[in-house]
Amino acid sequence: MGMNTFGELFTVTTCGESHGRALACIVDGVPPGIRISEEMLQKELDRRRPGSTRFGTPRSEPDTVEIISGVFEGVTTGTPVGLIIRNTAQRSQDYADIKNVFRPGHADFTYTVKYGVRDYRGGGRASARETAMRVAAGAIAKACLKELFNVTVSGCVTAIGPISTPRYDAAAALANPFNFADPSLCPKLEEYINTLREEHDSCGAIIEVRAHNVPAGWGSPVFDRLDATIAQALMSINAVKGVEIGDGFALAALRGTEARDEIRAAGFMSNHMGGILGGVSSGQEIRARIALKPTSSILSPGKSIDTEGHEIDVVTRGRHDPCVGIRAVPIAEAMLALTLLDAALTDRAQCGHVVRESLFDRKQAG
Amino acid sequence: MGMNTFGELFTVTTCGESHGRALACIVDGVPPGIRISEEMLQKELDRRRPGSTRFGTPRSEPDTVEIISGVFEGVTTGTPVGLIIRNTAQRSQDYADIKNVFRPGHADFTYTVKYGVRDYRGGGRASARETAMRVAAGAIAKACLKELFNVTVSGCVTAIGPISTPRYDAAAALANPFNFADPSLCPKLEEYINTLREEHDSCGAIIEVRAHNVPAGWGSPVFDRLDATIAQALMSINAVKGVEIGDGFALAALRGTEARDEIRAAGFMSNHMGGILGGVSSGQEIRARIALKPTSSILSPGKSIDTEGHEIDVVTRGRHDPCVGIRAVPIAEAMLALTLLDAALTDRAQCGHVVRESLFDRKQAG
Amino acid sequence: MGMNTFGELFTVTTCGESHGRALACIVDGVPPGIRISEEMLQKELDRRRPGSTRFGTPRSEPDTVEIISGVFEGVTTGTPVGLIIRNTAQRSQDYADIKNVFRPGHADFTYTVKYGVRDYRGGGRASARETAMRVAAGAIAKACLKELFNVTVSGCVTAIGPISTPRYDAAAALANPFNFADPSLCPKLEEYINTLREEHDSCGAIIEVRAHNVPAGWGSPVFDRLDATIAQALMSINAVKGVEIGDGFALAALRGTEARDEIRAAGFMSNHMGGILGGVSSGQEIRARIALKPTSSILSPGKSIDTEGHEIDVVTRGRHDPCVGIRAVPIAEAMLALTLLDAALTDRAQCGHVVRESLFDRKQAG
Amino acid sequence: MGMNTFGELFTVTTCGESHGRALACIVDGVPPGIRISEEMLQKELDRRRPGSTRFGTPRSEPDTVEIISGVFEGVTTGTPVGLIIRNTAQRSQDYADIKNVFRPGHADFTYTVKYGVRDYRGGGRASARETAMRVAAGAIAKACLKELFNVTVSGCVTAIGPISTPRYDAAAALANPFNFADPSLCPKLEEYINTLREEHDSCGAIIEVRAHNVPAGWGSPVFDRLDATIAQALMSINAVKGVEIGDGFALAALRGTEARDEIRAAGFMSNHMGGILGGVSSGQEIRARIALKPTSSILSPGKSIDTEGHEIDVVTRGRHDPCVGIRAVPIAEAMLALTLLDAALTDRAQCGHVVRESLFDRKQAG
């Protein structure tokens, strides 16, 4: 399978560099008969769009998506959906001076070694610009999940630098410029981000995503455990260096009597496992958290070498986000949606004939 | 791709239930001419073997592996290597009373819903017994990594329940029964594990694994980022619910000026990124950490329901590990080795013709 | 995906050499709840078994298959089904003299170049012995196709050397030792095969396979056209060098007015396309034909070189089939069954929600 | 893997309908550093282009390809190459009257059943227009094969309807409007095609493709035999219903003494096997032949039903090729090139460390 393809049955293949002509995406295995429109995709893209929050980059990229195939008279036809976003806001000259330089914390070094050649304009393929297509494809996955299985996905930022919250509130996050779960902390966040900007620095973030109404039975038990495919999906997002399912690392310090999610006739009594048991969804809410590293593109000079091996100081100019996590919520939601739809279709393929009745509250029902 | 297959080029396909006739594994895409023997595989298996530590289960399973194909006159032939381990120590009667019961924290519930049928003996396919074959296949991957690329893999436990260490010392871990990085904490660990046993409880753990001498250039930049494939590999291990690459979640609270790994002519000055930049190995040590949940198989009664929906209390008899993390180090090493070898072969496929000279210390060399 | 794995969702992974310890197979993605037994698999294996016809090799290999996982209390559990056949009838000494020789028409030469090493005993992995596991896995696919979709598969030999028939009669073929579609030609075939044996020679064959009751809608339109996946499946059988779907090569000389299968309210009026239109099954019978080359293992000396490059004459001793096609019918059926089940599950994954009513004879029905 | 993706390592994913906005293609796994230009791709596309021969459709589609990513400063960067061809010559009104009709011999019927919905304009995704992107991607594969391995691919038509030739002459084919191997038959072909047009009919064709300088060692021995992957590749082309490797079906009637390609110190003495032994290339020329059915889009009325089940007569208007084979040579070459490059990279992945010296003529060399 190609390295730029995600998924086994519902597959997303992307291409495009930050400052190339366009980004493109081919979504294959799309269930037929699902209503899809450019407006639906655009709405999600606008959540991720540079310039959408005044606490992100001041770059303004319209990111207008065009559907070129696979949708006819408003519904998917079962053939691959092609998407294209033309690049318009490139200011390649910002990058001429990094042509022969490895920006610390960036992929400049590893790409150059790996391929022997590098499109240095704006990070090329390594730019987070690539994630625009994940969001567009994720919007298609969300529509399929909703129409076929009544499943929805949500997300919010729960930590920005040292400021964090134990809350989860996706609705509240939609209404504040930090996409933050606890709006009462927004003044504090504003102050913190402004300080970072003044100090030419950046910070990391934590995002939590959840899926609602996922039925029990999605996912596979061994290498493709639902925990594992979600982990790959989320860890493949630029800047992500940690993934937790359910209580994640906190589980290491818990006892078995505390961590096991006990069951009553009405259902599970807790959700330490994040809705996944033995790699298969339990019918509870799916919960995952990711850690994003601080933006490496900062104005503070950094020590590095050039392609000739000479030691230099690098300043990354351009217009960058002080905290990439703020705009990454729709990306994380998209990757969760892609993973779940793939799991749903895989489950339907193998187990479509299995009769599944709820195991809960049968006595009451009887 | 099958759900019980790991990898794209160097692939591992496994089958077998805890109390079935045997476990089997087919390792495909094996580079030819590599020296492999049953002894090499057995040595790794013995590290994971139940009964190998007195702080694990008292079950003793010999786990004798047989190579049935793909090796001729001591070397791999390029054809698939078949492995088989006969099951011998099954005490299925231990499980007769859980036939119609969902043990909390186990896959009993999700398997039953998903498949409509369940091999209830010892957890069936959901048992960690499945991981024996990962270790055996991992031993083959380790041999290939070493012979072809001089790469090695190591690991140790860094936290057991609330007792943790910032140290990393794989050699020390090999010499103590907790596989723990800091042997000075062993008396404390012994006391803690004994208490858990007395209280019919269990605890979680954290394991760190590293890869040494990995050259720059392995991994792919987008969906198959090396961080992402390692995350899937490690998160697919039973009981794992969290994965970090490099500093992981701690990066969320760092600043860009702290986190970016700066570069000098002699090489990188730090390794917050765990040896992976932009999804591609940087030539530094690869570092990953995983969180394992506490064993769910404990003697303390847990609330649950039976397959008819009646509320019951469940006691999981059998002979279980109070902390599954202790024996999981070779499993995590195996999954890291499998991932790296796959990445190495994928890189050789696409970029085998790229000339790679070290970018460091050229002046000295010149 | 591994090179020794067939299929995308219902996958078959095999290993094992002709004279190694055992053959093994892992069948993954098996729908749960399907009745499977060793007897069912053995019955199919016995059709392929060396020694099953006096017009084949006099070698007698019992080929006893053991199910080691994935079946519990008589039904599939949804976990991978492991199969093993121990090798017992190896007479490796037959092959000692070909250790350093390339038998013409065999893979000896290409394996040696490719891998730099070769298991020379009986052709090793290149031996048709490998196909035993295809037949066993095919028996599982046949059971799934029958129970879930009421689809069956059949086949017969339609040409042996220069003797051919336009008939297709799978039932008749089961009752004669040549598996031939037209039993009236058996005396002629017997004479021909006896002559070949006396002359230390061999011949090729043509086999036709069909699938019955396949509903319209299986297969994918572009690279995974059902014609294409069937072609790969059948062409992957040892000795096969040609595949036709429907009228195949004869279509090149037909006119459009003759070849297009016209439609009436009662259904299609002809089946030149072999039941596949635009890569998708049409609801008609699936029909495919394969050409097998003559056995290369013959007693007549052949010109070749040894591994040092010296010119030599090679005689292939051992006990070989004068026409490998005779025993290949169950192999071809198996590959067709595997392909169809994979297509069925893929279709269920993507289109499981599409309501499909017959387009034929609605007026009568109305 | 997506159904609209071809290949395992060098992958081609396409989308686009005949009368949609555009065709697109993402080529992944491209070796870096290969010189690619739009001109190179356009040159191949122009060979397939409608309107390129007066014996094809009079439709004129410019088929102008744009490279949107993956190429920087003239060479591939190792990131996916995106291609787009805007549709311009659509005359959708030609198809309004087939909206509710199943044209016999077309995919109209099977798409409608499979997906429950159909883009009826010009065959939608089922149109051979889809193959334009195969040709463009094939041009990239050809460039990689040539630069990295010095391998080239060629092809020619060897039969049109009842007129055939035993010759193979790709250079001659390039110089005549039938792409025919034997130019002396062109007057006869012209007469035949003109008759077909007058009679509102069409005919099938046979194409042969070859690969030159392929080293021994490409391909895998079992399910991914090189014969098998070539068969899938070629059989996935619209209208193809038969594939032969080497002597193909003629081998069924040969004897072992005739068919085995004997070997001398100077090399193989014949090439009945089409350059593939045991699924692996032998170092000889790769040879494959395909049969294409007659065009179903003809002006002669055909019997069919409409989507309500009523019996009707259908005339396919529009501007169609009387013989689709004539323009299909570059498509077949492209599919062979894609298959071979994928095999080459797969072989480099697994066996890149195997030292391969020629086994032929060592004595002379010595």
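Brief remarks on what is shown
Per-chain numbering from 1; labels A, B, C and D assigned in written order.
We take it that a residue touches a chain if its C-beta (ideal position, glycine included) is under 8 Å from a C-beta of that chain, and two chains touch if they have at least 3 such contacts.
Every value quoted in this text rests on a predicted model; they were computed, and no experiment measured them.
A comparison of the A-D and A-C interfaces places the larger number of contacting C-beta pairs at A-D. Of all chains, the one whose Cα centroid sits at the greatest distance from that of chain A is C.
Mean C-alpha position of chain A lies 44 Å from that of chain C. Centre to centre, using the average C-alpha position, chain A and chain D are separated by 38 Å.
Counting partner chains per residue, chain C shows two or more touched chains at residues 1, 3-5, 8, 14, 29, 32-33, 78-79, 111, 114-116, 125, 221, 346, 351, 354.
Taken in their complex, chain D has these residues touching chain B: 1, 8-9, 29-33, 78-79, 148, 221, 345-346, 348-354. Looking at the complex, you find that chain D touches chain C at residues 1, 3-6, 8, 14, 102, 104-107, 109-116, 125-126, 130, 159, 161-162, 196, 201-206, 216-217, 219-225, 227-236, 240-265, 269, 272-274, 277-283, 291-296, 298, 300, 302-305, 307-311, 325, 346-347, 351, 354-356, 359-363.
The touching residues of chain A, counted against chain D in their complex, run 1-5, 7-8, 11, 13-17, 20-24, 26, 28-29, 32-33, 66-70, 72, 75-82, 84, 111, 114-119, 124-125.
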